[in-house]
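Below, chain A partners chain B and then partners chain C, in two separate complexes.
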Partner chain A sequence: MPSFAPGLWENLSHDIHYIWPHILLMVSGLLMLWPLDTWLLPWTKAEKHKWAIPTMAILVVSLVLSIYTPNGLGFSAMYKVDGLAKGFQVLCILASIFAVMLSQKVLGALVEHTAEYYALILFATSGMLFMCGAVDLVTIYFSIELMALCIYILVAYLRQQERGIEAGMKYFLLGAFSSGIMLFGISLLFAATGGITTNLTELNQKLAVVSQDKSLLVYSGVLMVLVGLCFKVAAVPFHMWSPDVYDGAPTPITAWLATAPKAASLAVFLRVFGTGFHSISYEWEAPLMLICGASMILGNVAAIKQQSLKRLLAYSSIAHVGYMLLGVLSRDAQAGAQAVWLYMLLYLFMNTGAFAVLIYLQGKNEGERIEDFAGMGKRHPVLAFSMLVFLLSLAGIPPFIGFFGKFYIFLLAVEQGFTTLVVIALLTSAVSAFYYLEVVKQMYFKEPAEGEVEPMDSYSKFLISTACALVLVGTAFGPQLLKWTDDIRWFEKEAPAVVMEFSNK
Partner chain B sequence: MEQLLIKLGQYMFVIFGLLAVGGAGVLIFSKSAVHSVIGFLFSMICVAGCFLSLQAEFLGVAQLLVYAGGIVVLFLFVVMLVELTKYQEKGIFQTQTKFAIPLVGLGLLAFAGVFRTALFGASTNEALTLQPGLVGATENLGNAQAVSRGLFANFILPFEILSVILLVALVGAIVLAKSERV
Partner chain C sequence: MVSMNAVLLISFLLWSVGVAGVLIRRNALVILMCVELMLNAANLNFIAFARLSGTVHGQAFALLVMGFAAAEVAVGLALVVALYRKKGNIQVDEINLLKG
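Entry: the complex of A and B
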């Protein structure tokens, strides 16, 4: 009989090769909190931006590690590495790298606690990596909580600003409430399937044969999980928090919020509804269709009236989530996952680019309101051009890369028979072109306000030019993109669930 | 009488559950903060009773120790230290009452349906207990042992994630609440 410590070590180390990138992120975040910040790197005190480079290096290493992690199933069938997990993990890490690059200006306003800012980004990223690979409702819940808790703190990080505190508080209360609803749903499903398993694959088999008496239990459980996840991706009608939070959070965090947590939550969405509840798709298809259509309509229509570009981008991200939910709806779960991944990748570049321009203008105390863009075409021709590219791409106008993603996902939805939703999507895309072009109009056809040109920091310059180039010519690399997209797949053979336990004999 | 006692034993879970809901009602509706805390304490003790009636002794005791012992005391400290009288006019908190009440009623009805099927439907022949198969134990183990097996064998990954969550909560509390050094 092995004693406790060796048994525990065996359990921990048996499957540890699946989670090296997560461990790297968590351990380096921990070391950044202490002792590196106070003892080993005293020069960070003098130059507080120095933490950016180590953080980016750590993220890049974890990016490489997560790409080369072997496929497999581990930790008592709770965590799976496959194409889907890897693809979305790459998106999350990329978004975090962008957030760190964009954060330089905002962090200038902070007096202390700069190391914690980066450490929290690392912790949140590790939570997202767990979310992408989690195949058990318990793991999914805990990894969502890890990510969300970090985000609540980061939203309220600039605590001398009242708006930020309010946003953080609001997000925290609503987020805790929605997590509670989701947990309740999970427990109902657990009870309905006999109280034996929370593993998605097993749950799928059990839900398919659950007796008629329990269908109400199953239905409410599925709905509650759906509500919890929709809150995380800010789909209508669970979007109320998102404009306020996007508005109040530090702008780099807003850019990050619109991409990384959404990528991770969509991975969970695909995993839960593609494998876990796949056999009972009749239970959730109608509600999800409603949510999808409502997100597209309300997101785009509400964006028209916005005066602040941050809020406009918040509503537009609600609409983009609506488009992506079309992929979740797909009955061919694998094709749906591929379309969502492709869309999210392209959205990551367009959205981060637009936010980078916004952050640059904000450094001069403008950029919040759309009028501040007046005459940007004359003042900063290059910047205005890249903003034009990002906005047109977000609107889905060919030949920019946003069109490619939209085309791919709409085509899939038509093939799957969601014609009505695609018609709504096309109409609302036209609406979205209206408010994106409103900003363009301000930039090119309005007289500039007075003001001198401020130099841009090198990170933003690099980020904006790279993103702009990718969005401009990305469509030319379509075949390569499709090749990557093809790798986003569940691995075919389900490995047998290995249940580890301490032997008592 | 004996018949009644057997019946009572069977419905212990429901009784404790209803009492817990009652405690939660006191928590929300009472005007005085101290009464609210006592309602919370009562509710937590009843939840512990629910766990005990499901033969989850370990969870029940842990619930008593953590909630009744720890958290309620903290709440009482807060109630004593913070002056609540200046928030007497409750108008600012209750602007949405007229929308909330019908919605809550609707939710209550829906859940009544769910729990009627859950508790008295065809599923009652499967006892609502912690199933030993869940923790992979074949022989009759003690409750604490079963929980520890769950934590350190099957559920080790969520357990480790949880440790990071606690760390993040700690960091967040410090970052958000510490006064700035001058």
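Entry: the complex of A and C
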């Protein structure tokens, strides 16, 4: 092979089996954009919604591929496949599948369907898959940006509406700003190690040594990386963008934003703080505890006065991130990853279900404001019952599945000694029940507005009743969830890495 | 050889100018430029410390960051153009439809 980069081809072909799902997503996204959309399948504007079918097929194939990827470390110790990577990759792909399902034409959430919409979802998903397995600050940074650049465009997808563009612009400016902060933090950490490494395992050893005499450098570097990641999961005080962006984006994209990028960012959180900065936990524990507590309080309190269900769900997702950060704080990274993964899995189903109901009502022009839900128990009994199940799950009321996610994560936090935070979490959960039940009250105890009610089409009925059934059936298995996931080894023990050696002699 | 503290000082100043610009300026294009300044401040650190340690890891990172910055500008300018077509100006103060 070419002599300008000796060993490049060998290294690539040696490790390529770790990233087949990512390659599949990217290549098929590219093919969709160029030869297929323009030449081979020149569907008219009215037919473009058919792109959802190949997109779905590709996502399902990559889901299967990512489950069967062998564990290991590759690409100069920059990318790793282990329980954490696979677990969160499955969540991200599932969330993308749901997003494509919710974008269907019958639901009427998108004004216009284009091949680009589906291709961008595929690109962003491949970015998320890279995020889940990235074990080097270089790969972490670039995979986050690969995901973010696609999402900026998807948020502004409804470009005929001023709200859509505005949301996209806000998200882009704040996202670019936070990525500038995070990159500078990475460069400070790189400087603190003397310009040797950005690999998380090596950083873990090096930072523990240098944090004695270069503590300002290490401290500010760690804090800046923390700020960058908090922007991505929308934790208080870096949450300002999220209600506006959730409000302005097309609703299927909002449902996706609340789950997929969060799952991927939490995987990065667990990876960075569980392995990379584990030895210097005294540097980041206090700030992260503050962020965690503030997210739970502000997310839940601000949700109370929201009029629009979309914004309410945005604030509640800030609060849910606060709960999940409790798992990141855990000193036992293994148990933390397990609790966060379980919470995210349950949250994915409950949240997508609630958004599906919202999208259906929006598509029928029944509105997204909480008053618009008045009397839904009479108008749409199936929808109202499903919404009840999803909302009670989100609130974490005992028999429902959401309770188990909260229970495991709070239990872990108590075991790790974060009692104050758990008290805050319990109190704010009670607050959250208030605003979720407000919607339930509107649905069942208010008189419906006058007007014709369209019967539900079979697709929406299928989607919503399946999600509702999953949540209800899951409830029965709640107590076993922790036992079933006990066998997953979230962090593989490191084999000594074979690092490509370059030097500029 | 320049002292590494001087490099850190310069890059921190450069980064602070970028941050201040993002926070103070109200024109979306100028904000975009200030973000570039922040990224380049980080690049300066990567290159200087890669030179110090004699490895190419940091230099490769800096090159990739430049590529990313170009991609980011492509997306950002597209959004700015869309915003301009819709509103007729690109002042971020006037982006205020969504609130609450």
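A few notes on this one:
As a working rule, the second predicted complex is superposed on the first by the 461 of 505 C-alpha atoms of A that agree within 3 Å, B and C clash if a C-alpha of one lies under 4 Å from a C-alpha of the other, contacts with A are read in each partner's own complex, and residues count from 1 in each chain.
In this text, contacts are C-beta pairs under 8 Å (C-beta built on N, C-alpha and C of every residue); 3 or more make two chains touch, one makes a residue touch a chain.
On a predicted model such as this, the values are computed, not experimentally measured, just so you know.
In the superposition on chain A, A:Ser126 makes contact with chain B only, not with chain C.
Contact with chain B, but none with chain C, is seen for A:Thr139 once the two complexes are overlaid on the shared chain. In the superposed pair of complexes, A:Gln334 makes contact with neither chain B nor chain C. In the superposition on chain A, A:Ile196 makes contact with both chain B and chain C.
In the overlay built on the shared chain, the residue A:Glu166 is in contact with chain C alone; chain B does not reach it.
When the two complexes are overlaid on their common chain A, residue A:Tyr157 makes contact with chain B while staying clear of chain C. Legend: residue contacts after superposition of the two complexes on their common chain; A:Asn11 is shown touching chain B, with no touch to chain C. When both complexes are overlaid on chain A, the residue A:Leu183 reaches chain C alone and has no touch with chain B. In the superposed pair of complexes, A:Met26 makes contact with chain B only, with no contact to chain C.
Residues 138, 142, 145, 149, 152-153, 156, 159, 168, 188, 191, 194-196, 217, 502, 504 of chain A are contacted both by chain B in one complex and by chain C in the other. For chain B in complex with chain A, the residues that touch the partner chain are 110-111, 113-114, 117-118, 121-123, 126, 128, 130-131, 133-134, 136-137, 139, 149, 152-158, 160-162, 164-165, 167-169, 171-172, 174-176, 180-181. Within the complex, the chain A residues that touch chain C are 138, 142, 145, 149, 152-153, 156, 159, 162-163, 165-170, 172-173, 176-177, 179-181, 183-184, 186-188, 190-191, 194-198, 217, 243-244, 247-248, 306-308, 311, 502-505. For chain C in complex with chain A, the residues that touch the partner chain are 4, 8, 11, 15, 18-19, 22, 28, 31-32, 35, 38-39, 41-43, 45-46, 48-58, 61, 64-65, 68, 71-72, 75-76, 78-80, 82-83, 86-87, 92, 95, 97-100. The residues of chain A lying in touch with chain B in their complex are 4, 7-8, 11-12, 26, 30, 33, 75-76, 78-79, 111-113, 116, 119-120, 123, 126-127, 130, 136, 138-139, 141-143, 145-146, 149-150, 152-153, 156-157, 159, 168, 188, 191-192, 194-196, 211, 213-214, 216-217, 220, 499-502, 504.
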